[in-house]
Amino acid sequence: MKYLLQRLAFYLVTAWAAITINFLIPRLMPGDPVQALIARFQGQLDTSAIASLKALFGLDKHQSIWQQYTDYWGHLLDGDLGLSFTFFPTPVSEVIAQSLPWTLALVGITTLISFVLGTGIGVFTGWRRGSWMDSLLPVTTFISAIPYFWLGLIAISLFAVKWPLFPAAGGYDNSLVPAFDWPFISSALYHGVLPGLTIVLSAVAGWILGMRNMMVTVSSEDYVMVAQAKGLSERRVMFGYAARNAILPNISGFALSLGFIVGGTLLVEMVFSYPGIGYQLFQGVGAKDYPLMQGVFLIITLSVLAANLLADVLYMILDPRTRREA
Amino acid sequence: MAVTAPEVAVLATADTPAPSKRRFRFLRGRKTVIGLGILLFFVLIAVIGPWIAPYDPDTMGKELLQPPSGAHWFGTTQTGQDVLSQILVGTRGVLVVGFTAGILATILSVLIGVSAGFLGGTADEVLSLLSNVFLVIPGLPLIIIIASFVSDAGDLLIATVIALTSWAWGARVLRAQTLSLRRRDYVEAARATGESTWRIILFEVMPNLTAVIASGFVGTVIFAILSEITLAFIGVADISNWNWGTVLFWAQSNQALAQGAWWWFVPAGLCIALLGMSLALINFGIDEFVNPRLRTETGGSRKVRMRVGFTPVARATDKAGARGRHDKETRS
Amino acid sequence: MSEQLEKNHVVLEARGVTKHFAVRRTGRDLLAGKRRTVHAVDDVSLTLRRGTVTALVGESGSGKSTVARLLAQLYPLTEGEIHLGGKPVKAGRGRSFRSYVRRVQLIFQDPFASLNPVHTVRYHLTRALKIHGRAGSGEAELEQNLTALLNRVQLTPPHQYLDKFPHELSGGQRQRVAIARALGADPQVLLADEPVSMLDVSIRLGVLNLLKDLKDRMHLAILYITHDIASARYFADSTLVMYAGRIVEGGDSETVTQRPAHPYTQLLIASAPDPDRVVAEAEQEETGSGEPPSLIAPPAGCRFHPRCPKAMERCRTELPPRFDLADGQWAACWLYADGRAADHEKEAAK
Amino acid sequence: AGCSSANSNANKGGSAASGILTLGKPDGPQTNNSNPFLSTSAGATLGYRYMIYEPLAMTSQIRPADKADPWLATSWKWDLNFTKVTFTLDDKAKWADGKPLTAEDVAFTFNLLKKHPALNGNGIAFGGVEVQGKKVVLTFDDSQYVNQNKIIQQFIVPKHIWEGVKNPETWPNRTPVGSGPYKLKTFTPQTTTLTATPTYWKGATKVKELRYSTYNDNSAATTALAGGKLEWSFVFMPNYKQLYIAKDPKNHKLWFPSGLGIHGLWFNTARKPFDNPALRKAMAMVVDRNAIYTQAEATLYPEITNPTGIPLPAGKSFIAPEYKNATTKPDVEGAKKILDKAGFTLSGGVLKDPSGKPVKLTFTDPAGWNDYITGLAIIKDNIKKLGIEAKVKTQTAEAWGADVANGNFDATLHWTNSGATPYDMYQNIMDGALLQPIGKASQLGNFGRFKNTEATEALKDFASATTDTARITAMNTLQKIMVEQAPMIPTAAAPIGAEYSTKNWVGWPTEADPYADPQHTQPSSLEVVLKLKPSK
Amino acid sequence: MSEPVLSISGLNVDYGTGDDAVHALRDIDLTLHRGEVLGLAGESGSGKSTLAYAVTRLLSPPGVITGGEVRYHQRGGEALDLLTLSAPELRAFRWQELSIVFQGAMNSLNPVHTVHSQLTDVLQAHRPEMKRAQRTARAEELLKLVGISADRLGAYPHQLSGGMRQRVMIAMALALEPEIVIMDEPTTALDVVMQRQILRQLVKLREELGFSVVFITHDISLLIEFSDRIAIMYGGRIVEEAGSSDIYRDPRHPYSDGLLHSFPALHGPRRELSGIPGSPPHLSAMPAGCAFHLRCAKKVEGCDTHVPVLAAPDGDSSRSVACWLHREAPAAARA
């Protein structure tokens, strides 16, 4: 039991430390939310509104950081993330709930696609080493080095403006409301194509390279040689032996990257006006919206921890060696 | 007596990293050479960029938003600034931040990762916890926040912040590597000889991590450069310091692409991609050096397709044939 | 006479040395609340004398290397004591550890792994000399000492080897460098952990001859660990046989190999490949079936009893103590509980 | 079942035939919050609160001197030196749920503001609120001359709904009911759709549906505008002629008039040598406002041509006689003379202050506010001619905001408040009553620590004056101080602009017919929407 | 002597292509007879494994077969040139006719598949007509054959001890009852007790099934004890080949002689151990002439210039040796 408790304690301490840092950092920033709000309106909001906003956000009463910290934990343990300043008085949980699914869907699906695609291509390039596929490598390195906001903007200017094949902005058509019906889902998919493509394009290279290298390494393992010697079909050897083993490190990398999905891809969301959580966080940072920042950080932290756990579990399932029995 | 030992040679290439004479052997790969070539080019630009820049990048000229021409190779901006000069001058900032962050993060990750791996026990627990916390904390937002901490977000500050948020991964990898090295016989042997712990870490363990550290360093540099450019692009970093990110920032906030001014937007992005690619290629070279199985280049001129499990049969034509004939002669 | 005394003087002694390793526990253990350990070495006593080679043989995983590392103070003891020159020593750090390793040096099993690939021969040897204050003063003296060291392990001419990296040397040469490094401390005891198992047939002999030579010339006490019992016969003065963490038999090498007393030793000898084997394959008795025991939950009583063809009832429950036989031979086996059985056994062996 | 039909009758894009108008700007995703009092609500951010809640009277910022149009109130009367106002309500006015809109509702609204300072965004000190039949009487302790427009344009909320709200400060008001012609149809973070109420008390509207969209950044909004996806917006765009107009020259229109708010270079007058008015004035004389207008502001922020900083034509009636025809042509020689007279010396291209120290300064502004940064770059270029070396430093918006409030800057481009008279902007710049020591945050204004009793007095006089002549005198004094002392160099007027398309809808306010502020987040956007009709 | 089952002639193998190529096998001529155990010995790096893998073209890159022939003689009598088979033909041939137990059984089993799946997938590939249940039954049978209880079928390799894994590999090699089994150092990782158990089992099986074995090991004593015939390799060539007792009692090649004088014997009188001086040459820097001449005590004129050919010494046709000691002088040979 002790080991399990130790592991759990480790995760808890990590979570505690991360959450505390997440709490402190926004508060160490200069400026305050009201000022940020005023600045956002650049003159269209009178300075006379300052007093009312301070009263609104409850910033007129001074609290020590420690007091705020204990309050924060108190509320957190009640499941209350507080009210966002930027969207006052919308609860942070609601802001997150409305933007998280978009990020999860876009980044989740594209992460999955790039993982599957990259791993697949990686399997073949690794297996057929020395064939023409090796010439894919420099291309992929080049693509992987392109910052994806740049790629996204180029994509917009080409495929949304020059040849208007895809919408340039948004997560769905403005005439629709989110619902589980065909018009909405098809529109969401259609809007997701361009941002999705840029993410896939810039992320896929990493998976290809990783998988290829693992494939090459594993291909010279004895058990692959044995499989060849056994006269098994090429498919069986390639997938059942080489890829099956080579994929292990990629799988845990994949699980970890699932954790970072929640962090969103700020830049893609920004460039494509995508209603996801990454942009929301960016706005929160700009507006010094402590509750929102903390809330998003919390979600990210927890999901990264969860992804770590998932990676452990996945590895355990896929690699019998880690499944030790007595 | 000739001191050559075949079995030794195989082992040496298989898993022993970098004996110093061969330490630079990774330079032999074609990828590495191309990567280093591009990198050197950019380093050169970083050094002499401000001198060879044809214009002051800040100076607003009369020719507004002109496409590339003889006078302005990369065209001009909305305010008549010379894009080429901005990119030339901006190279230094990119490389300074990238390498400073890379060096700082590498130092941090080595300090923490190697100590954690080698010391074990409570020290390991604490240090692993530390790196895990830093892994879990969302990186880019943290950089954005810390960068806005200090009113004057200069290059070095940005680099430091990037380093602070990016060392954890390397520390984790190094810890794992160190853990496996710690159990190696030669480390134990050094201990049995009576070496002190710090000497073992410094002189027995660390040199064997060179390749891992190097590839971690290159990875961090890529990450740092992309982060810096991203920060500049979203306007968090100091916009008055020229770097490729600021060029992109100005281009984007003036909607260069929509205005058809591709020359303002495209070159900086390509430079980033090229630099990133060069670093990735170098990293590749290091990987191949560490794990020779990954090498793709086949030295020979003869085109024999290697295929796992089906050894090619290339019946002697040129040299091997000559040798075969020679052997036969001796035999008869 | 005094030479003789000097020669058999006990330098290093292990008394009831025990080492248990904690095992990473599985989920099931956690639920059961069990704390499991590997009983790698249990109650091992041995003495190393000047100018003699003591062989320690036994199957893979029987704890031979662990004994060596315990003697080199690389692991803390779970129980027991180690005496150096008659005085008990405590596993320490820093200075006390250094003064210990100056007198007791360990040569690792694998010459391919025990030299750091990034350092030259010169570095390895210089460090060994410097740590133990034997580098001399000045470059010239150091060079002289290095040369002497290499000469002693017959790596001649020395200058050819000094600046080589390990990967540029053959296995035998590497093993010699490892030995030279150990000699750099000018120790009284050499613990050689399977010094030849990784080497080629043709190189092995050179290393073993070197060890023998060192023993003769420098009166080193050498612990020679191996599972090649034939080489123990050739190179060791006395031989100890280990099984599952315990020493089960000991004595003069020739006696132990030619007239093994413990059923395990007998099995070992019977299994060793031998081109001169006279007994036809089919006639051999079917001994040695079954797997080596788990060290996490070692069998009660004699650890060999599950595989022993001569197992008796008391073997299952009672741990056999040492029973002394003729010619300084002893065995931990109930067969020899009364002297007659032993005599009988010896008769049979003849 | 309700879900599956949610989008079944959705139709794409705006068109006159469908009666849809698409509008919006780059505000980022919104949350479902239609509380009109909160500037953080979607209703306020997107501006649709004015389609639901109507004001007592409709004012215009671009025509501040004109009389407001009656709306819920048919008339209003200021008494007793602007300490009392009486509203007479329109009988016809009624709420969207059919209930009549009464004086009770008006009184309730003002009482709500009085009771909840957090909702009182204009910070008006309300006194008594009294219902007299169809009339509502408000009384105040001080003259509300400068706040008069803010008071009469107050929108009114229904008492029968709001009186049941426990805490109006945190009430998201998800199904807003107002007296206006539209009601909320659907809300999504990306788009808010309003649909026309057929029973609107002023009669049916032509625009049947308003679709407010948000974008994450300017370029996305610009793309949408250029592609015709967005018909009415307010986006700052460089080179709008190419990016927007050229895409459909016939229909794509843009009008950026200004009110009485400006942007300008604020000096920290508590720092040497910027405490020297001669230096400030000289610098003001060399700034090339036209370059700022064309290069930094892409000709969207109206140029300030009058040295008093009052934007024209909005503030035409306020300009003092001596500045009626003054212009702001850069005058390097004149500036040099002034400096010379004040004891500054120019040697080797470096200006030295009377104590012999070279004049140097650092401009600061948030990184990413590129019109400001470009403006600073231009000013830097301009003052170089006087031998002044300037550096442009960017900060994060937060750090900059704190530094400006604390007086920790040399000079910075910043905006002013705006109002019905130039009082708001001058008060923001020069009011000694707002003065805070350096290091203590001065959030309400006077970031430059401008200390001038004459100015402070004049401001006070203007606000509390009982006669127009007294006001004019005070206003003239303020203008004189602004020109002579230059506590801040005006660089551009704050526009209340909009881009709009006449493809589907016509009837937009134009320079020729400035019947309302063209921006869709302004109260008068309701006037615009009511005036729109299909183009064919 | 019975009929041949595998004959290798003039086999050459390179590692790498072009100028960096290492010539690992040189003109190997070797015949394996039906039902015999052929031992292969030699120093580490002498090319034993390379030879074993080259036969079925399993050399991993950058290995290239640059010449020679490998003929497999089917029971009917028809010979098959393995080096000309296409990939599908080769796949069908492998394991069906020739199986290999690789050096280091620890890594030869796929760690992520169960023993069951690794035993049955070979059946699935070569005996598609077999039902699932039949395959499982066969797998159980095979495990029992090598002395492992059938309930370990579901185990993963890491759950088995080294000896068990080794035996699983042997069971797998016998799954299709092939004609030839190549065993590359199948017992190095095991201790002597286990080693003897396994080999004893193997001998028994060979008697039952009648396959031929190529047995590779460093351990000369073991080799002599277990094999019928022994080939000694040095520097990529076979230097001597003879019946095992012939080699033991009367080695003709100086290298074989050195080998036999390098290991101590457990029984009998203490022998003089002389060993072999020097260290083996590197493949990429082979000395001219006989590869062994630098270490050879019995070097004669011509050893350093001319490569000796493997041939019967002194007219004894049952064995062959490649050494100038047993042939006319090289100068004469040339003439």
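Chains here go by letter, A, B, C, D and E, matching the order in which they are written, and residues are numbered from 1 within each.
We adopt the following convention: a residue touches a chain if its C-beta (ideal position, glycine included) is under 8 Å from a C-beta of that chain, and two chains touch if they have at least 3 such contacts.
Because the structure is a prediction, the values reported are computed rather than measured.
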Chains in contact with subunit D and also with subunit E, listed by label, are A, B
Top of the farthest list for subunit E, CA-centroid basis, is D
More Cb-Cb contact pairs, comparing B-C against A-B, go to A-B
Between the Cα centroids of subunit A and subunit D the separation in whole angstrom comes to 38
Taking each chain's mean CA coordinate, subunit C and subunit E are separated, in whole Å, by 33
Between the Cα centroids of subunit C and subunit D the separation in whole angstrom comes to 90
Chain centres from averaged Cα atoms put subunit B and subunit D apart, in whole Å, by 50
Two or more other chains are touched by the subunit A residues 29-30, 129-130, 153, 156, 161, 219-220, 225, 227-229, 270, 325
Among all residues of subunit C, those touching at least two other chains are 170-171, 173, 200
Going by residue number, subunit E touches two or more other chains at 44, 53, 58, 60-61, 87, 90, 279-280
Note: in the complex, subunit C contacts subunit B through residues 72, 74, 94, 97-98, 101-102, 105-106, 108-110, 112-119, 127-128, 131-132, 160-161, 164-171, 173-174, 178, 181-182, 184-185, 200
Counting only contacts in the complex, subunit D reaches subunit B at residues 218-219, 222-223, 226, 237-239, 242-243, 295, 366-368, 370, 373-374, 377-378, 381, 392-400, 403
The residues of subunit B that touch subunit E in their complex are 1-7, 9-10, 298-302, 304, 306-316, 320-321, 323-324, 327, 330-331
Subunit B residues touching subunit D in their complex are 58, 60, 64-65, 78-79, 147-153, 234-240, 249-250, 252-255, 258-260
Within the complex, subunit A is touched by subunit B residues 31, 125, 129, 132-133, 135-142, 144-146, 148-149, 151, 222, 226, 229-230, 233-234, 248, 252, 257-258, 265-266, 269, 272-277, 279-281, 284, 287, 291, 293-294, 296, 298, 305-310
